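We just call them A, B, C and D in the order they show up, numbering each chain from 1.
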Amino acid sequence: MAIATPRVGVITFLGSLDDRDALRAVATMGGEGVALWHGDHDLQGVDAVVLPGGFSYGDYLRCGAIAGHAPILDEVRAFADRGGPVLGICNGFQILCEAGLLPGALIRNASLRFICRDVFLRVETSQSPVTADLVPGEVVEIPIKHGEGQFVATPEQLQHIEEAGLVVFRYADAAGSVNRSTNPNGSVENIAGVRNDSGNVVGLMPHPEHAVDPDVGPTGGQALFASLLAAALAGAGALP
Amino acid sequence: MSDEAVSDEAPGQPLHRRLGLADDELERIRQTLGREPRPAELAMYGAMWSEHCSYKSSKIHLRTLPTEGPAVLVGPGQDAGAVDVGDGMAAVFKMESHSHPSAIEPYQGAATGVGGIVRDIISMGARPVALLDPLIFGPLTTERNRWLLSGVVAGIGGYGNCIGVPTVGGEIRFADAHSANPTVDVMCVGLAEADALVTGSTLTPHDGSVMVLYGASTGRDGIGGVSVLASAALDEGSEASRPSVQIGDPFAEKLLIEASLELIECGLLEGLQDLGGAGITCAVSESAARAGMGVRLDLDAVPLREPDMEAFEILTSESQERMLAIVPPSKLDDVRAVCERWGLDIAVIADLVEGGKLTVTHGGVTVAEVPAVSLVDEGPEYDRPREPPAGHHARAAVSTDDPTFAPFEGDLRVALLRMLGAPNVASKRWAWQQYDSRVQGQTVAGPGSDAAIVRVPGSLKALALSTDGKGRYGALDPYLGAVHAVAEAARNVAVSGARPLAITNCLNFGNPERPVVMWQFAESIRGIRDACIVLETPVTGGNVSFYNESGGSSIWPTPVIGMLGLLEDHRLRVPAGFPRSGLAVYVLGETFGELGGSEFAETVIGVVAGTPPAIDLVQEHALHELLHDAARDDLLASAHDCGDGGLGVALAEAAIDGGNGFAVTVANDLPGHVALFSESASRVVVTVGPEHEDRLIALASAHGVSITRLGETGGPRVVFDGMFETTVEELREIFETAIPRLMQEPV
Amino acid sequence: MRHRFEVLVTLKPGLADPQGKAVESSLPALGFDDVSDVHIGRHVRLDVEATSEAEAREQVDAIAHRLLSNPVIEDYRVIGSSAADEEA
Amino acid sequence: MRHRFEVLVTLKPGLADPQGKAVESSLPALGFDDVSDVHIGRHVRLDVEATSEAEAREQVDAIAHRLLSNPVIEDYRVIGSSAADEEA
């Protein structure tokens, strides 16, 4: 029997920048990338959705704010409600927070500067479509490149995030230790990525799509995309 | 239009002078038109015949540059040059300065500089794939210079990061002479299918086709920017020119990139032009002149950001993020659909007509009627007087003030550490970490390497890119400064294993009306020419930035060279750092006693004096061939050129970069400090595995390049046998923290 | 009729405010020693065409709530054109 | 005594305002068709310890001019604590 190829949609918003990179990463890892358009009410039957990095609408008002109202977000919300795997990377993470699909918010880095460099992330849970193939405590190396990546949340949200185990990644060092010196942007509790309560929606500031091709960077994103493709194959988001 | 509306500077001057036109230039306009020019016409000529747009002082010199070579597809004269990189692909590249606006508002000045050069690349039909930003500031000891550096770097990042074009390289240098006038150049590189390049000759507009303006609306941005900002020194006028600061809109630029490339890909265009200096006037007249046609331009059709704009304002506004396309009427609806999808407004502002006349109407009244070519190609040209500075010839003979001959009693280890922590040499991570160097996913080597390596998508090939200027050398000898700039840029590309193909440039100078500046300019051109001929890297384009002076003192004459090279297989790229222990360390090339204009002289002795190193271009070329062949045969474990600070600094940088120490013996007849820090040209530090040493030596001798074994890599220690020792960690700490410390930031 | 409003968007108390902190800590070096509690937010000015001021204000309120502020981390308040004239 | 001020920093009229434009053009899709002239600036709140309100305001003015605004492209105005209470 032929093994099905999971179809992963990548949404292009006006101002998305890493959309092609995400499509390429999906293909590199053996999936089929499907380009989706912000103004459409159509996910083209994909098995997973990626909201890519970039500066949607210039991030002029607030990162992700305007894109959070895009027509396609209605479909993403319905897809997520059905349990379909959704991954927001960088600006995509910010959009998911703005749209209320993930808890918390992202504000300017504590340094007030854009930062582009490789970081180490400690995996905090395997209960997510991008970490299902990983073991908590494992460390992956992935680049960050953002000016507004400081994760914040209200005290109540934060308590819930920690108690319900919604943290997916924390900024760490190569050995997996998490402390102030490994925090690149001031994120509360070194949080680099979170999931929703049901676990199928994940957002992270680092860029796994820039960490699958060893010729141009680290390879810590491979396991994440492999997990996402596996989750896509499981078909949770399919219409009944 | 009242005279007052044009400019309130220099009241009492006739209008043409306030628009930057000389009396004989006005006479020339009268002759062309056979009548008195109207005010709007004067504004158009003033903008188009400005130094910035017409190159009137530089043209006769620029013409002497070599522009042809087997790889050149498009030479100077277009929005950007293009070279063949094989497999039907063309690399398009160009550099431009935005120094004057950056001195007034560093963030927006630098940001809009990025925007402008990116649109040049788009207008060639190429997708922008890389940015590089060579910068020169005054010393970081003053608050203003720190503010300028912070603002410029933030502006370049703020714009480049937001449009999804990686910033992969550049340089930052510091010199007193650039305090009042920082130098802010930006280079953009794009890729296109060679047969889809948009040039005057690939697309032909037809009678009846229309001109479509798309992107941002037109406001009073940079009105007179052309004549005021770029053609007059900053002292006068900088207060007055403030309201015309332009605010960049990178989001709009990103949409312009996508929409423009889609318009070209769908075959909807007969021409494409960016709007830069001289705004609509320049774009419309150049398109018309190029097509050999006339244009009827209706200013009432131009979408305005502010009400009540005068004709001359609309004509010369430099509002950012606008493009002009020539479209046959039958394709107009398709063009509109593409632009709308990308959220861009479009307006049909002109028709192409037979003949060569550019007719402009506003409010139903004809405000201008001039031959389009007269604006574009018939501007004045000057052979301005040139004169070497007093004492130049005396210095060219063996100079007694040459630091090479000054005795040095100091500690060599301390000298090395001071140079690694000197702002010119120290790591610029503080700056480039603020740039997205990864987006598009093709960056094999980004900032921090000798040349940036950017893959050509879908192939094993990669572009090798470097920008270099040699301010100190140029200040002492502009000819040698220019030769070294070309040679170093090519060497940076060659050490990566790539073959240098062609250059672009940005020529940063003072006031061309000063004979000394004009002499510096001519000498620099001569240097670029000589170097480009021997190194086989033709000039495909460039930009001239004059009037970088304040209070009568000019910046150092600084041609900045943007080199583009090709690496046939990116997997063969050679890194700069020592990758592991147990490698043999060699230096290629010979070391002479040459401390004139060196980093050692400036940082350790405290002088910028002497004669810059001599350079044998044939030897330099042989070195590049050797590096290419050695990389092709996979012999090299690392290669790093000797630049500022000579052999000592090159070894230290390679150790820091690779995280491996070394033990070497630097033995020759020279005094220790000269042996370590002489900046003799055409030298590279390489490492090879023991199994390849014989082959490398044979290859070097086949190429006629001298090769000397210095020692071996390994361990945390850095040992200069018989001189001193230190550790990689000590070097790294100083190299990496120097700039943050100077910026007074926590390290 | 056209009504002009200003919307002031401020960070909820207790949240990290890196910009405010940066400004605050740079003040002493400039000779301002007596300044505290600096917070940076957004100012939005907009015109609304509506038949009554009340109706216009309702729209502004909706816009401020849905788009101009992020209720997770920000509060906002609307100043009508009249209040906007109370300038120093 | 402690005085609270608010400073509103706005782009000089006539300059391009990409932020305002981006917000303005996103509003129709959200069902707000009657909004125009959207401009985005900064809002700064700060407390000053001074013996008199006049003295405090003088300081705020200096801070706004030197640090909070970029006089090349921005204007600012200061709202005293009293005006700040006039909230909707």
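The working rule: a contact is a pair of C-beta atoms (placed from the backbone, for glycine too) under 8 Å apart; a residue touches a chain by one contact, two chains touch by 3 or more.
All figures in this text were calculated on a predicted structure; none of them were measured in a lab.
For chain pairs A-C and A-B, the one joined by more C-beta pairs in contact is A-B. Chain geometry summary: the mean Cα position of chain B and that of chain C are 41 Å apart. Averaged C-alpha coordinates put the centre of chain A at 31 Å from the centre of chain C.
For this pair, chain A with chain D, the centres built from the Cα atoms lie 35 Å apart. Taken residue by residue, chain D touches two or more other chains at 18, 22-23, 26, 30, 40, whereas all remaining positions touch fewer.
For chain B, residues touching at least two other chains, in rising order: 249, 251, 343.
Of all residues in chain A, those that touch two or more other chains are 57-58, 60-61, 66, 69. Chain-to-chain contact here is organised irregularly, matching neither a line nor a ring nor a star, and falling short of all pairs touching. The part of chain B that touches chain D in the complex is made up of residues 104-105, 108, 216, 219-221, 242-243, 245-249, 251-252, 305-306, 319-320, 343.
The touching residues of chain A, counted against chain D in their complex, run 57-58, 60-61, 66, 69, 71. Across the interface of their complex, chain C is touched by residues 61-62, 65-66, 69, 97-98, 103-105, 107-112, 150, 152-155, 157, 186, 188 of chain A.
Those residues of chain D lying in contact with chain C across their complex are 4, 6, 8-10, 20, 23-24, 26-27, 30, 32, 34-50, 57, 59, 62-63, 66-68, 77-80, 83, 86-88. Of all residues in chain D, those touching chain B in their complex are 11-12, 14-18, 21-22, 25, 70, 72-73.
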